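Common to both upcoming complexes is subunit A, partnered first by subunit B, then by subunit C.
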Partner chain A sequence: MIVAERKPFAEIKEFLAPYKKVMILGCGTCVTVCQAGGQAEVDILTSELKIADRQAGKSREFITGTVTRQCEPEMVDPILEQVKRDQPEAILTLACGVGCNFLAERVGKVPVFPGVNTSFYGTALEHGVFAEMCAGCGQCILHLTGGICPIARCTKSLMNGPCGGSNKGKCEISTEVDCGWALIVKRMEELGTLDKLTEIYAARDWSKSFHGGPRKLLIPSVKIAAELAAQAEEAKKPGVKS
Partner chain B sequence: MKSGSNLERVITAGQFAVTAEIGPPMDANPEVVIEKAKVLKGYADAFNITDCQTAVVRISSIAAAVLVLREGLEPVMQMTCRDRNRIAIQADLLGAAALGLKNCLCIAGDHQSFSAAGRLKGHPGAKNVYDVDSIQLVNILKIMRDEGRQQGGDPLKTRPQFFIGAAWTPLGDPIEFRPIRLGKKAKAGADFIQTQGIFDVEAFARQMEKVRNLGLHEQTAILGGIIVPRSMMMMKYMNQNVAGVSIPEKLIARMAKAKESAGADKEKAKQLQEEEGTKLAVELIEQVRAIPGIKGVHVQAIEWETQIPEIVKRAGLYPRPSAPA
Partner chain C sequence: MEKNHPEGVGLAASCMAACPVHTPTQAYVQAIAEGRYEDAMDLLLSANPFSSVCGRICHHPCEQNCRRIAVDKPISLRGLKRFVMDQTKDFRKTRKRQVAPANGKKAAIIGAGPSGLTAAQDLALKGYQVTVFEASDSPGGMLGKAIPRYRLPFDVVMEDIKDILALGIELKTNTAIGKDLSFADLRQQGFNAILLAIGLAQSKSIGIPGIDSKGILLGIPFLRMAAEGVPVKLGEKVVVIGGGNVAIDVARTARRLGAKKVTMVSLESRKEMPAWEWEIQEAVDEGIELMPSWGPKAIQAGKGGVRGIELKKCTRVFDENKRFNPAFDESVTTQVACDIILIAIGQGSDFSFLQGSGVKLTPRGLLEWDGETFATSAPGIFASGETVTGPGSAVEAVASGHRAAEAMDHWLQTGTFKKVPKEELPNIGELPKEVAEKARKLERVEVGLTDAGKRVQDFEEFERTYTEAEALREARRCVACATGAVVTEELCAACLTCVRMCPFGVATVDRTASTPAEKCLTCGLCAAECPAAAIALSRFGTEKVKQELLRLAGVKKDKDKPIIVSFNCIYEAQSRRYLKPGEEVLGKDGILRIMVPCVARLKVTELLMPFELGAEGVAVIACEEGECVYPTAEDRLEVRVRRAKQLLDEIGIGGGRMDLFKTKGSAEESWEELWEESRNKIKSAGTGAGAEVSR
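Right, the complex of A and B next:
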């Protein structure tokens, strides 16, 4: 999942200050799980803003809601309709950066602000503790490293670690951070595949990662199937000859 | 000869090698480097010029190495993977070779957060690179030198001829993996290895036994790292905070005794600790030298380079083999 944390209240308050009618929009997927931007957080943030407004002797209108996934067109389209109807002066989205981008490009002249800092792809280790597990580098090498990612979990993304900074299973940057390569070595020992690590992994082709530019993924079969379906739909309409 | 460097010549001749370290200053003053070079000339076969160690901005390794070279010493430039991608790394290697540098130590580099761990502000918010890791870097140097190719495959008409070095933390965690990783460095093309500072000679000797069993001591020349301890505080700090450095209690106790024997006299305490540290360094050199498979020592006297001549002399490693005219 995408892990995010809510932005500090002061920051949100500052960039919403000029607007009298604000839409606050949660997302029902990843950010709900990591308790940064679901309906509960929308309600809490709205209350905080109302209290601050009242303390400042002001009042303004809030429109609130949550979309199951702010990164999907069919789920965001109804919001676009609602924006046209209700005409908020600004939208604060508690979705991840994907949701914020997606909405900003579709919503017309209404400014969209981020209510969370989108952090990483990760998982919950326990209640309230999330950890990064994947860097989305576009060329998975987990089969070489016992299923534990050196790109995401080694501070230096070393392919041939661990470096000299590994200390009692922790990274040189902090005793709070596991050494990714210590985890890999331990895991491969368990699996009896440690001998694989005698191989030198060559310099990576980073062009599959963000370093190759913003990425797009095309699945031709899905794209063509969708186009055919649309054509068939069009043909069924009265007055159109197939 | 792969590089024609003095260090390569000494090692190839089977002589016990000595390298030492020179840290460049945090400003643009070349005199600091030149002064250190003058003091150290003749006391080691080659001198490592650190590359922004602990991620602190200093005169670059290549520039300081050229300053040292002009003084008639042989530098070992250092190249970290932290600050440059493969384009900048190779451009700098070509430039360094063109300027006459012949040795290069390839290392990952301390994380940028280290720059603010001490008293300095540093640049903890810097973006790091790590396009390649230290083992891949060693291999890039080898391919450039031996196959006349850049990493991407384009040909090199004039090849940079480096004697290729790498670092090794013999007592780092996970300790059972350390000899295997050394093997990867040798396989990638490391001609010589400089180790992390050794204080626990017994534990190091055990790792060296594994290294000999793998035959690695014949594939690459291992120089044992000697950090000159200057005070009890420094020893305690290193023991607690520096990964892969463990200092036996009896050595710390010796330094403590030296400090205490000065009573309340701070100047004397400093003097006695420095003398004890010098003795310790000399003893460590002798003990490390006695371990089969060790081809030399790498002496680091951090911000205390002026003490290196005394240590090298006391260890019986002076004069150094002179370079042929």
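Right, the complex of A and C next:
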């Protein structure tokens, strides 16, 4: 799950200061789960803005709603229609960065502002506590490290930890942060596979992570099937010779 | 789609489902809790025109089926019903009812008991011209003539009857059909349909030696004499034969008429006795002796009348087929000396008046009658109540009257018969054990009874009504079954918040959240915390808060009296003082009170909303420390208030404008003080919030 955190109110207030008609949009998936950008947060933020407006002696129009997933064309399209119809001057989205990008590219001349800081891929350790677990590096090596990721969970993303900064299972940067490599070693000891760490592996291909530039994924089976279907549809049109 | 919506899945609270007239029980109890006694009365009367009567004497199947039984004890629903009816007597007289325009048709009701009068009411409401014929000199049937005054004062019976008759129904007392007026007369007078609702007014007797002796009385005539104040000489020792509710009434009446020793003899064993257990207990408390498993053998009498009764051991009352078929051991006998014997072994009807009506009787002497169309064998003549259903309770007679009226209305309008079967509501069922054990126990507020030694001295009502504080405290115990969490599936993100919040372990997530109505204890914590705003509580919601807050529009600011919205837990009120909204939007004190059935249900947005509308402060007044009926709710509320305060800080108007208070003692004792405290805080914070905005 993508974990995000709502931006401070002052920042959001400033983004929206120039606009008289604002759309506030939540996302019904990851950011709802991490309580940063679901409908409840849309309602709370809208209320905050209204109170601040009243305080400042002004009033403006808010349009609010939540999209099930703000990163899918079919789910975002109705919003684009609504934007055309209602003509907000700006959109504040509480979706993660993905949703914000996706909307910004499609919505035409209306500015889109982020209402959350998108933080990491993580898990709920318990209600209201989220921890980073994956860095999306594009070349998963979890099979080598007992299922615990050295890229995401070692502060230095070391492939050969722990480093000298590991102290009683904690990382030198903070006593709050577990040493990722200490976790790996403990886990592999548990599994009786610690000796695997002595094996030599080929160097990682960092070009598959963000270092290789923005990534795109094409699922050949799905994509090709879609193309064939489109071709067949095209062929049916009158006047088109096969 | 709304998942597990109680209405969607069609579930009725078990109390309502158990009531023969399906009184909207939890709705009226919630109305009481909210101080809306008049609404509660309307709800009660919508189902049962004999609500004052039933508030005294109903055998309350609602209570026997209350889901709170799984937690501690049932809600005292009869007590609460009586409270409402006692509180709203004046309002009842002045309220307006919707009566259909006259349809030009006439209906005659024979018998002014609960069944006949209920049918009369329903038909009158539908626009029929209704006349009720009563053979005796007063209406009420058994309610007025048999049920002893210490249980049911006559003026209470008349409260209900006057209200029914106020619909324009004509009552003709001292008019025995078949004697004073014939069925042909009724037809001639233009009655298009007739309802026989004569009840079971005839006591049955037994054929044993000595039964014709002096000093033997039948139960119903005896009760009637007592009810009408006719002096009855009883002597010292009385034997009552019978083990049912009438026998109990007879025994307790005999006690009140001065009998020193009253012995009840019943065929049934103590466990089998058909009287309600609580009534048996009350009788025992009054010094009545029980002799279960004995049957009358012979009456011993001399010149002066009855001297005693010989009894034989009853070894069995019902046979293998559960039919009444008593067996005796004639070798085991005993004698009980007595001056009077009262027989209360059952009742029947005298159908001799039906001669010439066309109504046929069965070979066993009962009415030929269709239990679903309510029709007898004579066209246009219907029957309802105990006459046809057999002995039952007042509320069952009322139910029968409602159904008969519906059947008659259909016949009168179409000329065809309509089946009006008993309606079974889909029952929400018992509260599962695993949920019940997590619920907090709350002591049932018992209604005090007059001490047994004192109450046997007269016919004064021996049960008192709830005080207002007691009624409100008891109403608070109601879980409001079937009004709980409703999940809108499309909005649900399956985030598990509800699962983690639910103090009763009820919520689950299976692709989307699920809060089964059968288990939900309606606390609303899931709805308050749901990040997708996908859960609503059918008993309380944001819209209600919004509606109340809209009253702030146009309110003028006053620097001495900052506008404070106070969210208050209704359960701390001991009177209507704070429950009923005042005439003015704000009290003289500048406080807009919003009464919430547990403030722990308030969402962060609901806490902020007052500031959107110009409030300068918010006070959240919860129940007393540690008193919330919902586990964990106090902590959850505190966290939400803390967040709202942080947001107010962020906005720049200051978190100090919101405070969470705990009631001390009761609303009446502490709220004024808490408001004063809140007011002083807001004043010192300045009138910043929303200051320059005109409304």
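Everything that follows uses one rule, which is that the second predicted complex is superposed on the first by the 226 of 242 C-alpha atoms of A that agree within 3 Å, B and C clash if a C-alpha of one lies under 4 Å from a C-alpha of the other, contacts with A are read in each partner's own complex, and residues count from 1 in each chain.
Keep this in mind: contacts are C-beta pairs under 8 Å (C-beta built on N, C-alpha and C of every residue); 3 or more make two chains touch, one makes a residue touch a chain.
Predicted model, so just to flag it, every value in this text is computed and none were measured.
Given the alignment on subunit A, is it a clash or a fit between subunit B and subunit C?
fit
Look at A:Thr145 in the shared chain and tell me whether it touches subunit B only, subunit C only, both, or neither; answer first, second, both or neither.
neither
Touching A:Ile44, do we find subunit B (first), subunit C (second), both, or neither?
Only subunit C; A:Ile44 stays clear of subunit B.
May I ask you to decide whether A:Thr93 touches subunit B, subunit C, both, or neither, giving the answer as first, second, both or neither?
neither
Counting only touches as set out at the top, which of subunit B and subunit C does A:His127 meet: first, second, both, neither?
A:His127 contacts subunit C only, not subunit B.
Once both structures are overlaid, what angle do subunit B and subunit C make about subunit A, taking C-alpha centres and a multiple of 10 degrees?
The three centres form an angle at subunit A of 130 degrees.
Go through the superposed model and pick first if A:Ile173 touches only subunit B, second if only subunit C, both, or neither.
first
What is the minimum C-alpha distance, in Å, between subunit B and subunit C after the two complexes are superposed on chain A?
26
Name the residues of subunit A shared by its contacts with subunit B and its contacts with subunit C.
Dual-contact residues (subunit A): none.
Which residues, counting only subunit A, touch subunit B once they are in their complex?
Result: residues 155-169, 172-174, 179, 182, 185-186, 194, 197-198, 200-203, 206 of subunit A touch subunit B.
Which residues of subunit C touch subunit A in their complex?
Residues in contact with subunit A: 490-491, 493-497, 500-501, 530-534, 603-605, 608-609, 611-612, 614, 647-648, 650-653, 688-690, 692-693.
Mind listing the subunit B positions that touch subunit A in their complex?
Going by the criterion above, the answer is residues 81-82, 86, 108, 110-111, 113-114, 128, 130-136, 139-140, 151, 167-169, 172-174, 177, 180-181, 183-184, 187-188, 196, 243-244.
Please output the residues of subunit A touching subunit C within their complex, sorted ascending.
It comes out as residues 8-10, 28-29, 32-33, 35, 38-41, 43-44, 47-48, 50-52, 54-55, 57, 66, 68, 124, 127.
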